[in-house]
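One chain, subunit A, appears in both complexes that follow, with subunit B as partner in the first and subunit C in the second.
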Partner chain A sequence: MSVSEAAPGLARGSAPGQTARPRRSRLARRRRRAGILLSLPAVIVVVALLGIPIGQAVYYSMTNWNGLTAQWIGPSTYTTALSDPIFWRVLENNGLLLLSIPFAIGIPLAIAALLNEHVHGWRFFRSVYFLPTAVSWVVIGMVAVQFFALNGLLNKLLAAVGLGSVQTNLLAGQRTALLALAITFIWSMLGTNTIIFLTGMATLDPTLLEAARVDGLKRRQIFFRVTLPLLKRFVQFSFVITVISAFSALFSLIFVMTNGGPGFGTTTLEFFVYQSAFSLGQFGTGALYGIILFVIMIVVGLVQLRLIRSEDGEGW
Partner chain B sequence: MRHWKVLAATAAAALLATACSSGGGSSGSTSSPVTLTIWENYGTEQNATALKNLAKAFEAQHKNITVNVVSQPADNYFALLQAAAVSKTGPDLAVMWTGLFTLQYKEFLTNLKGKIPAADLARIDPDALKWTSDQFNAANGPYVIPLENQFYIGFYNKAAFAKAGVTSVPTDWTQLFAACKKLKAAGYMPLTYGNGGQPLGAEFYPWYDMSYMMIGAHPVTNWEQLYSGQIPWTSAANEAQLAQWAKLKSNGCTNSDVLTKTDNLGDFESGKAAMMVDGTWDTQKFTSALGSKVAAFVPPFSDSPIKGVVDFAGDGLSMTNYSQHQPQALQFLEFMTTSQAAKIINAAGLIPAINGTSTSNPVNQQMLNFVSQDHMTAYPMLDNVVQGNVVNTGSKELPSVLNGSISPKSALSSMQTTLGQLPSDQRGTSYP
Partner chain C sequence: MAADSLTTAGPAPGSGAPGSGGAPAKRALRARRRGRIGLIFAVMSVIAVVMLYPFWYILNNAFRNQSQFARQSGHSGVSWGQLFSELPVGRELVNSTVICVASILLILAVSTTAGFAFAKLRYRGSGLLFLGVVAALMVPLQSIIIPEYVNLGKLGLINTYLGAILVYVALGTPFATFLMATYYRGISDDLIEAAVMDGLGYERTFLRIALPLSWPAIATVTVLQFIQIWDDLLVGLLFLQNPEQRTITVGLAALSAGRTTSIPVLMAGSFISAVPAIVVYLIFQRYLVRGLTLGMGK
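Up next, the complex of A and B:
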C-alpha cells in the first residue's frame, strides 16, 4: 500500500486519536534512497563548485584579502562599503541602465512584428537584425567608440543633415557616456530579442489571428489584443535575460568603450568588482561587491519570478 | 651493531649530499642551463627595448643562462603578478614600480639587502634606492633595482614657439596662458591631451599633471601630508590649482576631446601641437620625430615660477621570493648596476639610475640639468607616493575636471572620501 492509500488521518497500527507519521512502503523507501544516492554526485559537484566558493567569497568579503594574506575585519566591511558614495554612484548607474530595458525589449518586438508580416526582403532583414548577436561584445564596443567619438560617424551624420550645432562627444560626459553605453546595449540585445520574439510568433496558432481578422480587428489591434498576450511567456523570458545582461554581462562593453569612466559615470557594480579586485589588488573588497551583486541578482530574480507566477495565478 | 650504525650514517650523509648537489644543480650551478623569466609591462615604450638589450648582453656574458622576457598586458599587470605569486608560478624577475607600489607587493618580493653586494648597490643613485625600501629608507634594503631615472616632464616644439613669438619658456600659470594665446593665434594646438601612449590602458592619465599641480601647491617635504591626510585633498590650495588647470581647456589651450583623443602623441610628433606633458619613456620617440626642434620644459603649474621637477626612479626589476633560480636572478640584478648596463639603458634613450653615468640624449640631459644646474627640487611621482585607492579615484575624476564636466571641488571631495574610507593602517602619519 502506498502512503496515499494509507490516508486519511491514521497510518496502519496507530491508535485512534493518536497522530502517527505515515509509513512509507519498502519500495518507496528504496526509491527515495536511490534518488538521493543518484543525485548525490550532482549535489557534491554543486556544493564543491558553487557552495564552497560562495561561502569563501562571503568569508573573504569580511577580510582585507590581497590575494596572499587575509586579515579578518568582520561585517563592518559592509557598513564601510555602504557608506561609500562611490558605491551608491555605481548602483545608480546600474539603476539608470535598467531604464534601457523597455527599449531593449520594445524595439526588437516591433521589428519582429514587422518581419513576421513577411514584408518585402524580410529574410534579409532577419539576418541583418540577428547580426549583433553574432558579433563579439568587444567588437561592438570598439565600433561604438568610433561611432560616438567627436569625429565619429554619429556627429558626421548630424552635420550632414544640418544638425552640426548639436554635435557632441557623448563619451566625454559622465551622463552622456552612460547614455552611449545604454544605446549600445540596446543595439547589442537587438538580435537575441528579435529572434526570441520571431520564434514566439511562429508558434502562434494562425487560426486565432485569422479569427481576429474576421471579427474586424485592425492589424494594430490584432497585435496588441491577440499577438502580444499570446507572446507573454516570450516577453517574460526576454525580460529576464535582458535584465540579467544589464547587470552582469556588460563588462566587456564597458571595458572597451569607457573603462568605467569618465569619472565613475559608466562603472557598474560588475565592473566595480573587477576594478577593486584586479586593478587595485583588493580581492577582499572585490568579493564584498561580488556578494552584494549576487544578493541583488537573487532579489531581482525573485521579483521576476513573483511577477511571472502571480500573473499565472500560482504565486510562490 | 655499531658497524651497522656507521654504515647507515654514511649512507644517509651520502643521500643528503646527493640531494644537496641535485638541488644546487637546478638553482645554483653556473654550468647547467637555466632559463630566467622576466615579466614586464612596458608595451612599446623605450623601456622594453632597454630590457631586451640588457637580457641579450647578460646572455652573452652567461652562456648557460637564457633570459625569457615576457611582455604582459599593462592593464592588469599587477593582478597577474599577484595571482602568479599565490600559485608560485610567476617569473623569477618582474618589473616593479617603486614607491608605494613596491611596498604593496613586497610580500612576494625579495629584500635585496645582503643578497646583492653593498658595493654594487652603492653604484645606484641613493635617491632612487630609497623609494624601493621600507619606510622609504635605503638603509632598510631595496626590493627593486631601478632601471632608470624618469621624469614626468613637458615637451615643447621650439620651432612652434619661435613662429608664435613665444620667446621664453613659461614658468607659471600666467605665462603659460599667455603662451597658449600666442600659439593658438599662430595656428597651433598649444597643449595636446588624450589617452595615446598610456601604458596603463586607453585612458587619459592625469597624474603627470597632478604631480606638477601639487609641486606648485606644496613643498616636497609636505607631500607626505597628502598621504597622511594632514593636508586634505580638498584644501583651498589644491582646489585653486585644479581650477587653473581646468582653464587650460576652457581657454582653448587644449584640444576639445581631451578625454577621448587617441593620437595626441601623433599631434605633437607631427608639429600640429606645440606642447605636451608626458615622460622620459617617450623622449626617444619625440627626438626621432622632431630632431633638434624638441626640448623639455617643466610644466609651469604654479602661481609663482615653478621650482620643482618630477625626477624619480619610477620602475625597475625585483626578484620574486619564490623564484627557483635566485642565484641567476641576483646575477642579473647585479648586472643592472654595471656601467655596461648603463650604456645599454642610455642607448635606448633612457636615463640610467647609476652614479657617474650620463645620458647622450640632449633632451634627457636638459631634464637632468633642471636639477643639477637650475637647482630645482626633485619630487617623486605623486601617484607612487599616495594610496592606490586615492590614485584610482583621481584617475577617474581628474580628467573630467580638465574636460569641464565636473568641478575641482567635486573631484577632490571624491579623493578625500576615498582616503577617509581606507583602513587606518593605510593612512598613518608617515609612509609605511
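Up next, the complex of A and C:
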C-alpha cells in the first residue's frame, strides 16, 4: 500500500511537515484495518442471519412451496393472497388491536404524571409498575386466561358491582376474545410506557413549569399545554414501540391465551405467519405474510421519521 | 404541582409563597395539599394492586391441589411434586441458562467491537454499514423465521443449542450495536488517540481502555437480552422442539398448550420460570430502564 491510499479521514488532521507524514499514514492504515476488522463480525451476523433471509423470504413468497416441493409462481401470489378473505379478517384483527394504543399510551401518561409528583414511596411504586416487564408473556397469558374465565376474577368483580347478569367468558367469543387480548396487551405495556414518560418528565425544565404556575395556569392546563407538548418526542417513541409490539410481539400471548381462536378471532398477521407455515405447511404463503408484515413495519418506521423531520428538523 | 414539588424538593410547606396571606390561609392550603397527596398515594396503591395481581394469583394457586383450586380455598404443596414429574424443570432451567449466557456473550462480543469501530474507527463506508445494521432493527422475527428455519435445518442446527443461539444473536445484535456505538461516541477521541500513541495499538486500546469504560452499556445490553431471551417463546418453539433442549418458557407453554395439565401445576411452573428474570430485574433495574430510553439517544 502507498501513502496515497491513506484513509480520507487523515487529510484534515495531517500535520504539516515532511517527517510526520509517513508515521501518520501508517497509523491511519492500521486504524482503517482495525475498524474493518472490529466491525466485520456484526456485519456478517446481520447479513447472514437477517439480510439474506429477508431476500429468501421474498423469493419463497412467490412460490407455492409446502416444505417439500416448491414451484415458482411469481408476483401473482400476492394478488391471490390479497383476495383471500381470511387474510383480510386477520388484518382486521391487527387494525382493531391498534384501537388499544391510545389506552396503552394514555394510561401510562397519567401514571407517570402521578409518579412525577414524587409523593413519598414513589420509587417503590415505580419498581412495582415496571415489574411485569421482566415476566414472560407466556406466564402473563396463562394468568390472563384465568382472569377472564367464567369463574375468574373479572366476572367476580362484575358481580360485585351489580353487573352479575353480564357474566361472560370473554375468550369464548371472537370479538370478545380480541378485547381480552387487547386488555392484556395494554396491561403488559403499562410498565414500559410509564418508564419512558417518567424519564421524559425528569428532563423537563422545572423553571418552565414554575413559570406556567405563576402565570396562573391550573394543574390540568399545565399538563396539557406545557408538559405534554414538551414530551412529544417521548410520546412518539412510545407510540412506535407500542405499534411494533402490537404487530410483532404478541405471539406468545396469543399462543397461550387463544391459539388464534375462536375461529380467526385473535389471529393477527404475525400469528398467521406461524400458522400458515408451521401448522398448515404452507411455507410460501407464510413467507408472503411475513413480507407483508415487514412492509407494514417499514411504513410505520418511515411515517415516524417523517413526523420528526417535518416538525422540528432534528431527529433522534 | 409538578413544579413546586420539584423546586421545594419535598413537602416543606410554604417555602415559595412570597407575601402570601396569614396563618389560617396557609393552614388551609397545607390541608388541601395533604389531602391531595393522600389521594395520589391511594390511586398509586390501587394501580400497584392491579400490577401485582398476577404475581399474587400465581403464588396463591401454585400451592393448591386440583380440588382446592376448584373451591378456591385451602393450600397444599401437591402441585409442586406433580410439576417436577410432568416437566423436567431442572433440565430446562439449565437449558435456559446455557442458551441465555452463550447468546449474550456472543451478542456482546459482536456489538462491543462493532460499536467501537463505528464510533471511533470510522472508515470509508462505515457509516453506511452502521445504518444497515441499525435498519435491521426493523426486521420482525416473523418475516425471517421461515428462511431461518430452512437454512439452519440444512446446517443440521434445528434442535441444537447453537441453532437457537444464532437466531437470538441475530435478533439482539442490531440494537446492542446501536447502543454500544452511542455509548462509545461519548468517550473522548483524545483518550483513544493517546492510548494508540502510547503504542497500545487499536485492538488493545479497545480491549484495555474502551471496553472497561463501557461497562454500564454492557450491563444494559446484558439485562435487556437476558429478559428477552429467557422470556421468548417463538424461537424456542421452532428451533428447540426436542424436550431435551427446551427452555423453561417453551416447556411451560407446551405444557399449557396440552390443556391437560392442572392450573396449579402451571402456576407452580410459572413461578419457577419467572423468578430468575425477576431477580435479574430487581438487581439491574437501573440498566433496564436506561436501555429502554436509550433508544431515544439524545
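Just so it is clear, the second predicted complex is superposed on the first by the 259 of 316 C-alpha atoms of A that agree within 3 Å, B and C clash if a C-alpha of one lies under 4 Å from a C-alpha of the other, contacts with A are read in each partner's own complex, and residues count from 1 in each chain.
The rule we apply is simple: a contact is a pair of C-beta atoms (placed from the backbone, for glycine too) under 8 Å apart; a residue touches a chain by one contact, two chains touch by 3 or more.
Small disclaimer: the values here were computed from a predicted structure and weren't measured.
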Partner chain(s) touched by A:34 [first = subunit B, second = subunit C, both, neither]: second
Subunit A residues touched - subunit C or subunit B, whichever exceeds: C
First (subunit B), second (subunit C), both or neither touched by A:189: neither
Touching partner for A:68 - first (subunit B), second (subunit C), both, neither: first
First (subunit B), second (subunit C), both or neither touched by A:180: neither
Which superposed partner A:262 touches (first subunit B, second subunit C, both, neither): first
Contacts of A:278 with subunit B and subunit C, given as first, second, both or neither: both
Common interface positions of subunit A, toward subunit B and toward subunit C: 259, 277-278
Parts of subunit A lying in touch with subunit C, wherever the complex brings them together: 7-9, 27, 30-32, 34-39, 41-43, 45-46, 49-54, 56-57, 60, 111, 113-122, 125, 127-140, 142-144, 146-147, 153, 187, 190-192, 195-196, 199, 201, 206, 209-210, 212-213, 219, 222-223, 227, 233-234, 237, 241, 244, 247-248, 251-252, 255-256, 259, 269-270, 273-274, 277-278, 283, 286-287, 289-291, 293-294, 297-298, 301, 316
Parts of subunit C lying in touch with subunit A, wherever the complex brings them together: 1-7, 37, 40-41, 43-45, 47-48, 50-55, 57-58, 61, 109-111, 113-114, 116-118, 121-124, 126, 129-130, 132-133, 136, 138-151, 166-167, 169-170, 173-174, 177, 196, 201-203, 206, 227, 230-234, 237-238, 249, 252-253, 256-257, 263, 266-267, 270, 273-274, 277-278, 280-282, 285, 288-289, 292-293, 295-298
Subunit B residues touching subunit A - in the complex, by the definition given at the top: 75-76, 78-79, 82-83, 85-86, 104-105, 107-108, 201-203, 256-260, 388-389, 392-393, 396-397, 399-400, 403, 405-406, 411, 414, 417-418, 421, 423
Contact set on subunit A toward subunit B in their complex: 64, 66-69, 73, 80, 83-86, 145, 149-151, 169, 171-174, 259-264, 267, 275, 277-282
